[in-house]
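Working notes, beginning with the structure itself.
To keep things simple, chains are lettered A, B, C and D as they appear, and every chain counts its residues starting from 1.
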Amino acid sequence: MLLESLRREVLYANQEIARRGLAPHTFGNSSGIDRLGIDGSGTQPLVVIKPSGVDYASMTPADLVVTDLAGNIVEGSLRPSSDLDTHTLLYREFPAIGGIVHTHSEFATAWAQACRPIPCLGTTHADYFHGPVPVTEPLTAEEVAEAYVRNTGSVIVRRFRRDQLDPVAIPGVLVAGHAPFAWGRSPAEAVEHADLLEFIARLAWRSILLHAPENGIPNYVSEHHYQRKHGPRATYGQPKDPSDLP
Amino acid sequence: MLLESLRREVLYANQEIARRGLAPHTFGNSSGIDRLGIDGSGTQPLVVIKPSGVDYASMTPADLVVTDLAGNIVEGSLRPSSDLDTHTLLYREFPAIGGIVHTHSEFATAWAQACRPIPCLGTTHADYFHGPVPVTEPLTAEEVAEAYVRNTGSVIVRRFRRDQLDPVAIPGVLVAGHAPFAWGRSPAEAVEHADLLEFIARLAWRSILLHAPENGIPNYVSEHHYQRKHGPRATYGQPKDPSDLP
Amino acid sequence: MLLESLRREVLYANQEIARRGLAPHTFGNSSGIDRLGIDGSGTQPLVVIKPSGVDYASMTPADLVVTDLAGNIVEGSLRPSSDLDTHTLLYREFPAIGGIVHTHSEFATAWAQACRPIPCLGTTHADYFHGPVPVTEPLTAEEVAEAYVRNTGSVIVRRFRRDQLDPVAIPGVLVAGHAPFAWGRSPAEAVEHADLLEFIARLAWRSILLHAPENGIPNYVSEHHYQRKHGPRATYGQPKDPSDLP
Amino acid sequence: MLLESLRREVLYANQEIARRGLAPHTFGNSSGIDRLGIDGSGTQPLVVIKPSGVDYASMTPADLVVTDLAGNIVEGSLRPSSDLDTHTLLYREFPAIGGIVHTHSEFATAWAQACRPIPCLGTTHADYFHGPVPVTEPLTAEEVAEAYVRNTGSVIVRRFRRDQLDPVAIPGVLVAGHAPFAWGRSPAEAVEHADLLEFIARLAWRSILLHAPENGIPNYVSEHHYQRKHGPRATYGQPKDPSDLP
């Protein structure tokens, strides 16, 4: 069986979606990518993704599906998640990411359904997202008819390009009228970001109902917070062994 | 004992109402129908319904009540749910349904109490309900005086007829000033729809408080989502064995 | 030890306050009354009430305090709940009630803090409260200075007298700027009503945020619902043995 | 190992942050102070604080860090909480407090993000906070650049000085655009106050959405409630042994 370790990571991320209450039923999905591929050359990166409509509780690593970046199945007998083409497009366009998680988590989805970006109203947000959580444009009728799932990826990428947003500094997005996608360097980090995005969305929702200022906290505060967690001179957490992976 | 299998299904749906937190106390109720009846001829369909005001925890299949479509008790020593006449009327008028679940779930009831339909604000909704979740007219004083419970069914049916709604594509409704009813091909599917209706109601409630556009997502998106789950070329979940029941 | 059975009932009601999440910390309290008293003559009714500021988890029947209707301690070594004088006044003025529960449950307290009655917006409400849940006037500065706790009872009684409300048909109230009190024929029924009041308050809160009509459902509907549960020809639940206590 | 007992108290407070759901992930932190220091002279008070970014579940007393009031590490191999300088400044400026807890609890953070004080809308609030829960001014760009964490303490102290607020009577604060800090005579009391602050914030949030009067309850009521719990003639709870610590 190919990519046993990555399969376990993706399965773990999927189970975390359920354990953290980020998606009821089988709405959520997760994937991971091995960018070097089997031969280590990087010429054929491989994606591991959950199968479509299978219960989390009974899923095993062998149920996951391996595809190439064009979405062709390389290994697996089950049908892959119906959102596969969104995942592969994001992996092609955002080369720094290693895992993707899609949820229908309650508050992030409410912002997505309201077609509103989540403003940065506090330091909890600033610690993880470098600026507002962006919301995409709706898909056009042509995009839906042509390739709905792939074009869900296209509107995400278009949104990031429009304002030159960095997917590493902004590890998630709201798809208008749909729900959030989050990502990270690994499937585990992606699900952590999906969870933080939901927490941020919940705090912002409660704050906005108290008429919080929509322009959010001053830029010098959010910048400080983001840099203290992610900048070159991060002061949060325990010092990392310099040989750690980035 | 008649209809042992259907009794177990209805009991399971009832217990799911409690397990999923869809109704406190003994507010909810569920039923199922055997359209062929004991002799398999279809001349006397039989309904299995929960008894009135009995605790979920201690209920056994033998406590359930069997009635005909006119509500006459065929088997059972306990009084049937006080909502029986709503159930039997819906079975008479909606021949495609096999199970009904009535809850007082929190968010769906809030929409019902506000006498507002739930607009289709996102793909979570579009995956399960083909258009807004409709709300009935209130019962008139005459309808209440004449036959309150049966006429609760009448206002539901009238609402579906008014706009030629299809109860298979829209598997639930809000009764104004009261609470939701949901249904499906079986009691298990009915409780699943009751749970999804609550989730949709919760998402929409949170979205509307963020001033989501009330006309909802474009029709070409909701149509696409509904068809990908329910249309003849569904791409969601694993392929069904063609010999599966519809 | 006096009144062992009533002590257990009051302790049970207290523990239910915690188990149902109706009051954090030691905010809530409950009591029950034996109207006939020890000698069965009715000349000295006895009240059993929880002690003040004691953890629910470690409380035993022996910790409860027995007082007369003037609040004099008849048995018990601990100080009674600081709300004792509200309880005894309600027992004196509402002769039909046998148990009282005071909580700081979240949504009922929100309505109390907003100084608004809870309108009857649906049948869930109508099944248990015969009309809106009333809210008291605030205590005056003189009433606070003179006897704060007793006068908390006075504003409740005054509110019921003003509109000739029946405490049996309306088994609870919101004290403005404070929190709810609920009651019933027994401590167990009082805590059940406290729980239903919270559920009704939550439904109404969510409905009002959707701009539900504040005048509520038509009177002919609420009347029908109340009567079907509580009227002489109640059709809800299983038939009672005519020898049951009322 | 220094201060074993205080280490256990601080660890307990930290675990309570998680158990009571007051902060997801590793957002929260707690500390305690031994004002007499090791030699009992009071010349070198010692602070015990949680380490930065360590999971609550695996933390042991030995992981905690001991510092002096200037923030110099006296014992411990892990890096202290990144909020250390806020804690030490509060200990220097508020000599009556013995423990501090910082959370990102949901509703208190919503008020902080909305930059609004929590008005005293009811007796639940009045029992614990003597007046509204204050909110700080935002830090200036200069304060952020100079010493962000220490100046978070400075804006808190400045807010209390501006209106001559008493940190014993008002055991918590909202830092604008950030989150709450709470304190008490001990780490255990600090976490209790953090929890009550969240409960008060939740009640107030729900009340304000019902358009509660923002000026809150009359002063003569809040004064009465505060004094009955904290004044010299407190009537709440069981009588204290006069030899109890204050």
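Assume contacts are C-beta pairs under 8 Å (C-beta built on N, C-alpha and C of every residue); 3 or more make two chains touch, one makes a residue touch a chain.
Fair warning: this is a prediction, and the values are worked out from it, not measured in the lab.
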item	value
Type of chain C:chain D copy interface by residue overlap (half), same or different	different
For chain A paired with chain B, centre-to-centre distance based on mean C-alpha positions, whole Å	35
Between chain B and chain D, centroid-to-centroid distance (C-alpha), Å	49
Set of chain B residues in contact with two or more other chains	209
Pairs of chains in contact (touch as defined earlier), listed by label	A-B, A-D, B-C, C-D
Residues of chain B touching chain A in the complex	121-124, 195-196, 199, 202-204, 206-207, 209-213, 216-218, 220-221, 224, 228, 235-239
Of chain D, residues touching chain A in the complex	24-25, 27, 51-54, 78-79, 82, 104, 106-107, 109-116, 138-139, 141, 144-145, 148, 177-179, 205, 208-209
